[in-house]
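After this come two complexes, each holding chain A, first together with chain B and then together with chain C.
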Partner chain A sequence: MSLPGDFLVLCRDRLGIEEVSDEGPMVPREQLVAFATALKDELDFRFFVTVVSVHYPEVEAVPADEEKGTEAVPGKPDCTQVCYRVRRLPNAERKTVVVPFRVYVPTGETTPSLAGVWVGADWQEREQYDLVGTVFADHPDLRRIMMPEDWVGHPLRRDYAIETAHFPWR
Partner chain B sequence: MSYEVSESVEEGVQLVTVGGVTVPLGLTQAPWPDPHMDIDSYDPDADLMALNMGPQHPSTHGVLRVKLFLDGEVCVKAVPYLGYLHRGVEKLCEKLTYAQLTPIVDKNDYVSPMMNELAINMAIEKLIGAEVPPRAQYIRTICAEIQRVASHLLWLGTFGLDMGGAIGGGASIFMHTFREREMILDLFEELTGCRFHYNTHTPGGNRHDIPAGWDAKVRHVMDHISQRVEEYEDFVRDNPVFRARTVGVGVVDPLLAIELGISGPILRASGVDHDLRRDDPYMAYGDIELSVPVQTAGDCMARYLVRLAEMKESMRIATTLLDGVPEGPICSLKPVKLPGAVKAKEGSTYCAIESPRGELGTYIVANTERREHAHPYRCKLRPPSMHALQLLPYLAPGNNISDIIVVLGSLDPIMGEVDR
Partner chain C sequence: MAVDESQERFEHPLYQFMEKMPGVDIGLTTADRILTWGVSNSLWVFPMATSCCGIEFMAAACGRFDMDRIGTIARGTPRQCDVMVIAGTITVKMAPRVKKLWDQMPEPKWAIAMGSCAISGDFYRNIYSVVPGVDTFMPVDVYVPGCPPNPDHLLMGFRRLQEKIRAKRAGEWVEPDSRPPMGMQSPSVPRYGSDRDPVWDEAQLQSVIGMDKGGAMHREGLTLPEPPAPPEPPAPPEPETDAEQEAE
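Here is the complex of A and B:
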């Protein structure tokens, strides 16, 4: 997948990111709304495709063991990556393109909502809040959308076991 | 708005270009209604009534619940509640291996299972870097197009029911379209052994090759259905009841639809010429010329016309492709014996196809760091119906209850796909 040139220029100018991977630039949370607005208004990425939260549980650090010859594994904190996809509708040459960008959210913190930029982010962010537990600050109506209102926990978190019984449905 | 705006006239329709998208000028209606309107701020003298529509009501296409605030018979605010059919498919996908995903996602959009299979298998193939042999590509494309016809036939039948039998009286159009749809299910039964939930796509290709004589049967069925589709057109072309219920009802603003992520027939009925099959070709679509039907009225009638034209186009594509099915293998990978045989490398991928309802996307994250080579680490299915349903709070205010049902029917939501 090759990303369009104007998107790479925007990443360089706004975020100072030179090398953009296929999974998209990691946008700092405080710049997210400004970056998204520029993407929509300046580069015409007006079609909201999707938002996906991916939860990564904590990884404990493992020190190096010289006897066994294993290397040290650095620890990682419990966090969520919120990945966005937006699309530019076909231009005169009839080509459409999707660009990714993502945000890193440590567990317990919030990320700005993009429902003010693309109205389509409204329900999608509600779904990610419901299932993964990402809290989107300034969302107009952050309620559960799939699970019952009184459900405890967020099922798509990696530490949420599906084999365990959950009140009151089992 | 800070965008560059330019106006032009084409075929009598005044067009406006806003932010790189050309749309009919008459349909843009900013500012849009506020779906989060505070109902207490509405006229205090009005006698408001809250009415619960669904979830167990045939006109809500499955189990959608809509809370309506009514002033007389006119809707003031509509709040959809989803989740009555939530089965946790995405969580299930994390527990299953790549080879086991196909039969699970079959059940999402139960009106067009072929599309679900195609979407997830294309994403898996992109992730693991598998090629699809040309013969399998053709079979997949033909199946997808026949499935589109079946899906639109079912839509037309249920749309007739939504309108209280305005097309041809009672449930007659429903019976007609289901009779034709049955022929398509028979075709799939001969190809895959199943009438529904085929499980015929697999990472790297197909499981089932075209049986002898199948192409002649497809041609016969397509011929038959094209004649019937013309008959449906005759049913309603000058039907005053149908026209009164659909013309000018539920006009969709294309700019709003784009921001909501709505694609497919709804967007094309609002004058936006966008079809992933042509604009981002996948499978065998690159080999043929596609004509994309577009309407500029944006109402329920326009969506009906677009779907009808799409059916004809799909039948043409299917029969054209049948002429040129290449010889060769139908799967590039070895037949899967062990469920964990398909392994992915680190990375993530997003892959989208044009389903009968719009852009059906699959987002898969593979994370080998946690020793999960054969399972998706996170699998997100992007259902077009859910995006289409987001239109309801914008379209419902100002409409009668009976019109809301027609508008909902014209959006063609499939709740199995919305709730997953």
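Here is the complex of A and C:
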């Protein structure tokens, strides 16, 4: 996947990121809404494809052991990555293209909602809140959308106990 | 163009007999038998179809199998129906709705669990949101196993239900249908901190890899782990020999 040049220029100007990987730039949460607004208004990315949250459990740091010859493993905090995909629709002068960008959310904190920029993000963010538990601040209607209303927990988190009983149905 | 319709008519042999014999224009029966005849041959169906078993249900209702000819007419409301066919996976969110629809059906009513998902949850039963079998919250009269069952199997389930209704109204003992045993290990998703036997994972992986090598032949050479050997019975106590007594 090759990213379009104007998107790379926008990343360099707005975020100061020189080299953008195929997974997309990691946008700071404070600049997310401004970055998305610029994508939509300046670069004409008008179609919101998807948003996917991924929960990463905590990884404990392991120091290097010279006797066994193992290398040190850096620890990682418990966090969530929110990955977005937006599309620029084709016309007579250009082809369609999809660009990604990501947000890093530590557990227990919120990320701004993009439902004010793309209306299509509304239900998708509700789904991610329902399954992964990512809290989107300033979302107009952050309720569960797929699981039952009285469900406890967010089932796609890594620390969710999959055998959880749900009386009396399960 | 004329069509010969002389062979198209259907007349019941009893009716023909009554027409032929002079004076025999009244058939005698008991009220219970004629009620049983009516009940077992007018099973109106409420299709609780949530997934692919519903497609097979539609095929059973279409022209090739023609479910209507045994009186099973699909209706869109539970208040007109006698049989609920649960065709598909029932999730925790759907289960209260299914129960509510079942409670809205007037007595007498029966239920058919169609497909392995409705019977036991099958390979979705380990998922956090799936009910492991609808008979955990409502009575089920007939199980139609399959994934999904053919329309023939569904029609056989209806015939089985008719037999049960007739036998029960005649006062005979009817053996309740039991949930069919599952002859396979349900493939569970690899879990975080799973203690599943890795040999099973390897066998499952190999069977998937060899699937493009032709039909059922890929199962050859697949070694599944032996079930654990039953514990050996304790050895019987040795009989006391006479030698010890002689030594004394």
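In this section, the second predicted complex is superposed on the first by the 160 of 170 C-alpha atoms of A that agree within 3 Å, B and C clash if a C-alpha of one lies under 4 Å from a C-alpha of the other, contacts with A are read in each partner's own complex, and residues count from 1 in each chain.
Convention: a residue touches a chain if its C-beta (ideal position, glycine included) is under 8 Å from a C-beta of that chain, and two chains touch if they have at least 3 such contacts.
Source: prediction; values computed, not measured.
Visitor: If you stack the two complexes on chain A, which partner ends up touching A:122: first (chain B), second (chain C), both, or neither?
Guide: Only chain B; A:122 stays clear of chain C.
Visitor: Return first, second, both or neither, reflecting whether A:83 touches chain B, chain C, both chains, or no partner chain.
Guide: The answer is first: A:83 touches chain B but not chain C.
Visitor: Which of the two, chain B or chain C, is in touch with more residues of chain A?
Guide: B
Visitor: One more residue to check, A:50. First (chain B), second (chain C), both or neither?
Guide: Touch status of A:50: first partner only.
Visitor: Between chain B and chain C, whom does A:112 touch in the aligned arrangement: first, second, both, or neither?
Guide: Touch status of A:112: no partner.
Visitor: Return first, second, both or neither, reflecting whether A:25 touches chain B, chain C, both chains, or no partner chain.
Guide: So A:25 meets neither chain B nor chain C here.
Visitor: Residue by residue on chain A, keep only those touching chain B in one complex and chain C in the other, then list them.
Guide: Looking at chain A, the two contact sets intersect at 146-148, 155, 158, 162.
Visitor: How about chain B: which of its residues touch chain A in the complex?
Guide: Residues in contact with chain A: 2-3, 19-21, 32, 35-36, 82-83, 86, 88, 90-92, 94-95, 255-256, 258-263, 272-274, 276, 278-280, 347-348, 350, 352, 359, 361, 363, 365, 377-378, 380, 382, 386-387, 390, 419-420.
Visitor: Would you pull the chain A residues touching chain C in the complex into a rising list?
Guide: Checking each residue of chain A against chain C gives 57, 146-148, 151, 155, 158-160, 162-164, 166, 168-170.
Visitor: Tell me, which parts of chain A touch chain B in their complex?
Guide: 22-23, 40-41, 44, 46-50, 52, 54-55, 83, 85, 88-91, 94-96, 98, 100, 118-120, 122-124, 131, 140-141, 144-148, 155-156, 158, 162
Visitor: Flag every residue of chain C that touches chain A in the complex, lowest number first.
Guide: Interface residues on chain C, with respect to chain A: 92-93, 95-96, 126-132, 136-137, 191-192.
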